[in-house]
Amino acid sequence: MKYFAELDGEQREFVVERRAGKLWVTTGDRTFELDLSLVGDGATFSLLVDGHSYDVVADVERDQVTLQMVGERFAVRVEDERERAAHAVAGNKVGGKRELRAAMPGIVVDLKVGEGDAVEEGQTLVVLEAMKMQNPLLAEGPGKVVRLCCKKGEAVAAGALLLEIE
Amino acid sequence: MPHFRRILVANRGEIALRVIRTAQEMGIETVAVFSDADRNALHVRRASCAVHLGGSRPAESYLDIDKVIGAAVATGCDALHPGYGFLSEKAAAAEACRAAGIEWLGPPPDAIVAMGDKVQARKIAMLAGVPLVPGLQEDVDADRLVAAAREVGYPVMLKAAAGGGGKGIRIVREEKQLVEAFELARAEARGAFGDDRVYLEKFVTRPRHVEIQIMADKHGNVVHYGERECSVQRRHQKLVEESPCVALTPALRERMGAAACDLARAVGYVGAGTVEFLYSAGEFYFLEMNTRLQVEHPVTEMRYGVDLVREQIRVAAGEELAPVAEPRGHAIEVRVNAEDPNTYFPSLGRLSRMSLPGGPGVRLDSAMFRGLEVTPYYDSMLAKLIVHGEDRAQAIARCERAIRELRIVGVSTAMPVALRVLHNAEFRAGDYDTGILERIDRSLTPERRELAMLAAVAARFLVAERAGAKSADGDGDARQRVPVWSMLGRGERLWRNRS
Amino acid sequence: MPHFRRILVANRGEIALRVIRTAQEMGIETVAVFSDADRNALHVRRASCAVHLGGSRPAESYLDIDKVIGAAVATGCDALHPGYGFLSEKAAAAEACRAAGIEWLGPPPDAIVAMGDKVQARKIAMLAGVPLVPGLQEDVDADRLVAAAREVGYPVMLKAAAGGGGKGIRIVREEKQLVEAFELARAEARGAFGDDRVYLEKFVTRPRHVEIQIMADKHGNVVHYGERECSVQRRHQKLVEESPCVALTPALRERMGAAACDLARAVGYVGAGTVEFLYSAGEFYFLEMNTRLQVEHPVTEMRYGVDLVREQIRVAAGEELAPVAEPRGHAIEVRVNAEDPNTYFPSLGRLSRMSLPGGPGVRLDSAMFRGLEVTPYYDSMLAKLIVHGEDRAQAIARCERAIRELRIVGVSTAMPVALRVLHNAEFRAGDYDTGILERIDRSLTPERRELAMLAAVAARFLVAERAGAKSADGDGDARQRVPVWSMLGRGERLWRNRS
Amino acid sequence: MKYFAELDGEQREFVVERRAGKLWVTTGDRTFELDLSLVGDGATFSLLVDGHSYDVVADVERDQVTLQMVGERFAVRVEDERERAAHAVAGNKVGGKRELRAAMPGIVVDLKVGEGDAVEEGQTLVVLEAMKMQNPLLAEGPGKVVRLCCKKGEAVAAGALLLEIE
């Protein structure tokens, strides 16, 4: 089984085989012996890599694998061949539109721009209040506001689309 | 004979639990209060009694003095512990307690007023001979502000007069940002504290945040329990605290301790309080006094073998302060906040799984439980991890070990950042300042990246395998069938919708 | 510079984790070993490396000296920690380590042999001037046994010569039970220790079990860390331990401590050891010496601020003993065993949920995790709850508080019994003996019964309601539909069958 | 809704009503106001009884309710009217036969009696080894062994029937 993993922009190819109860994972010119065992709680794994032990909490949502191990939190994208092919096609559709989304639920306490406004990089677009802090959300680059999707005073959910810039 | 019969705990989260624990150990009953969002909270479940206050917004519940005091009266409480935040630094709450014949487990209202207004506090400190940061202003408006900032020189800090605990503070580095920042700070202060006064202070370079824990009884005795070093901060929210502070000499420690006690005496203080100082290059400057128990008080408790909540209760009951024991070893606290470790944005969600640290020298103060919903209504602190070691090296190693043992699933925390702090050369050398977090190297080694990829690939393979893939090379079936654990996950989600 | 590069931890459960924790804090790598049943155990997951030994029976894994030493050699370990139980008191294991050039983190083989044979140990103790319980016999057979028992008077105790930790002990109250009990004890001893020698001892009335923790280095220094009182026992398994022992005067404590150190010197002891005494009416009698770290060692650690595992590692590396600090306050340990609180029979099952105690002065040493299967292969201890307080009263109150915070779902524990001990008048007065558990009143107050019934009725009502009962009086639908949480339960059970 | 609860031999009748979001539970001449809320983990409840707070872990398996609260473990039998009627009928079928069952999984290391043997109260019937301890299982009263269901050396599961006495 072949997988493509991506983490922090680095992409690598892995080949996984099940032999004699173990997993043999090859990447580049090296092969690792893995013993991966699921603990009774359904999300924790005991992972042995060539005898080295790791306590891993893993959340697998299709190609998004979120890991807690060695004191770190990793979000790794793992595609199999079929998914990789499908994503390669979909990737061509990406345009010049950028979305500003709420990173957390909160209240829009101020809207600093209107539809049609030109904005500069670093300009405050929206002030979102959450957890008792007022957080100015800034433009990541220059552009024009093409759509406003929130109102001042509105409570928004995490991930809610606030506005679009082109 | 218990000191009080029943204490109302006017707070929530870990600090409410902290107070309940000590009260239980002293044979005192506790009454919890709760908002709609906190019906199932651990402080409600652990208290002797519980009273529902109302809506989930703080103003409708924990900040509503009439409701809180009303609950205390209705349940026959003879004392009230405000914890930190909420009513803890509201003189009106202390007054209302007094009027209702209920002992307020905090300082007298006058002391709260005197120290709560940061401008007023500076004046008192100056009179008491406590050194101050230069450049502070009063009667601040936009015009005076610009002039004053030019005088003390950039960068400057804007602070809410009614703020505290890092809330309502902004750093301004250039004049062109000053007025907008001032307006934002005022708006924030108005929203958070109902008081929009904001003042300006010189930003001391490479400062350390060092604070002194004091305690005063009703007989005029004031003692201090040494210092806490709280320089590991982001957005002025502390992340790692330790005691002792490596930078202090015994002589300096004594001078700071004496200054803190002098200030407490100057305002007729009673109970637990913290005097915060900026420390830089052998000098210390008064920042503010927090007239309540501090979040990081366990660091002091671990070193001095003292239960500060017990002492609060004892002195409120009129007893004399117990002598301060010799401090031992080194203590470190790490705050476990529900937040994104990169953006520090709050991470909301449901705690679906937890695994807690244990073993020697480890203390966890937390109100976490499996199933807890982390909501936007309250602050994001889930827990405090405190360790004690024979010396600083052991405490650091122990803290690292305990952080690795702590697993929280459902929301993210800044524990990876805390681990980097503990590994950081500046931190290990003890030579750091409040800017340390900005300088932390967050990059991953290639070995770590490879390990994470290996683990992720293996986890995905196992999911597919368990979901019923028929052959080793996979024929797509793996993605058709529902893996067993996603069934479990869905069950929990279904459940969540119904509860 | 670390004392060793890599330690093999030849054990499982909480003690393996205990050793791993200290090794991590000292910067030493650890190698876990595991049986089939322990593939997912926490000690495997927390160690740096892990080696699979074989089948789930101890003889195929943790007790197999060749396999264990082989794993240590294969992974390049330079030291081995045996924990307690398993190989910890097998001189052959210590010898095998020596032969393989691996440091054994325990006493020399000679000392193990000398103290491991209880008959031999008595002789050495007698020569060292340590007081003994009268009536001990050697070369015991059925005929001599009856005569000897008549001589010392009933009740008498039968003890396995190779036993320890309360294992292989029987009390016989009448002559007619003596021979059957002897045969059973021999059979048990044969099965458990591969050695069927059993000896007889006078049963001291109202005895307290008091033990001294000692530590010796390779330079001839021997120190003790005071005593632990372990009289709260059932079937000779300890349930609650505390330090200090209320019954001892400082003079008596010093005499016992000196006797323990003398015994250690008499056998050329190195490392951690415990000398157990019976104490009764101002007199103490040598029981046995345990040539290993004891389960209840954290009680001592909490009082003396010492990490005994760290000291074991340090002295094994040839360092001199650190000075013993002044003890502070009072410590209590409660063993959390998976057992029925009425019969003390093991309670097997799967830990489906846990909620752990926290806050000031609380330590939990445990290898529990959600999903853990408690199997019949190993002993039933799940965790040790240890508390420390400024004085005994605070420690008792804290212990009670912490026990109430601890929730384990899936297996039962004797925590209700431990709570009754903490409430018991004899215990509170400190005037108790090893018979205390048999005298504990287990009855419920009418208020408690009513409360439990109310809660049970309400829980059942809520289940029916949530399951979709259409009307308040219920029409049977409630029992037809599957309530949401029993769906969850089934999901977990399904899962369990597959994993 | 009417329930019959039994604990430690004591039986009581309870009437439960849902009014205004609370539960009103009447037993004898007293009525309690209960607020029972299920915590997110699915087995823990927060229970308020007239304002007094209890943290309860409850496991409800039909009429068997196992509780952990106030530091105790309670096994309460709670029947509704229908179940009570059904059990009353079934109860008549109970005869003079008693079963000896293994309270835990273990190995039968000795069988002290055979079929047809008369036994006295307190007599050792079976020696079961579990968790490294040998546990003699005793007769609870006099009778005759009518059926042996285990063999020496056999591994038995928890709850396994070992023998029957009449």
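Some notes on this structure:
Every chain is named by a letter (A, B, C and D) in the order it is written, and numbering of its residues begins at 1.
Here is the rule we go by: contacts are C-beta pairs under 8 Å (C-beta built on N, C-alpha and C of every residue); 3 or more make two chains touch, one makes a residue touch a chain.
Everything numeric in this text was worked out from a predicted model, so none of it was measured.
Simply put, of B-D and C-D, more C-beta pairs touch at C-D. Separating the centre of chain A from that of chain C, both taken as means of CA atoms, is a distance of 47 Å. Here the CA centre of chain A is 50 Å from the CA centre of chain D.
Chain C and chain D have CA centres that are 29 Å apart.
Across the assembly, chain A contributes residues 38, 41-42, 44, 54-55 that each touch 2 or more other chains.
Looking at chain C, one finds that residues 46, 353, 355, 369-370, 466, 484-485, 488, 495 touch two or more other chains. Touching pairs of chains, sorted by label, consist of A-B, A-C, B-C, B-D, C-D. Residues 37-42, 44, 46, 48, 51-55 of chain A are the ones touching chain C in the complex.
The touching residues of chain C, when paired with chain A in their complex, are 32, 39-40, 42, 44-51, 75, 350, 369-373, 495-496, 499.
Across the complex, chain D is touched by residues 167, 184, 187-188, 191-192, 235, 340-341, 343, 345-348, 352-353, 355, 376, 378-380, 400, 403-404, 407, 409, 412, 415-416, 419, 444, 448-466, 472-474, 476, 479, 483-485, 488 of chain C. Contact residues of chain D toward chain C in the complex are 1, 3, 5, 7-8, 10, 12, 14, 16-18, 23, 25, 27, 32, 34, 36, 38, 41-45, 47, 49, 54-60, 62-63, 65, 67-74, 76, 78, 80, 82, 103-106, 109, 127, 129-136, 158.
By the touch criterion stated above, chain B contacts chain C in their complex at residues 17-18, 21-22, 24-27, 46, 298, 301, 305, 307, 328-329, 353, 355-356, 358-366, 369-370, 389-390, 394, 397-398, 401, 405, 466, 484-485, 487-488, 491-492, 494-495, 498.
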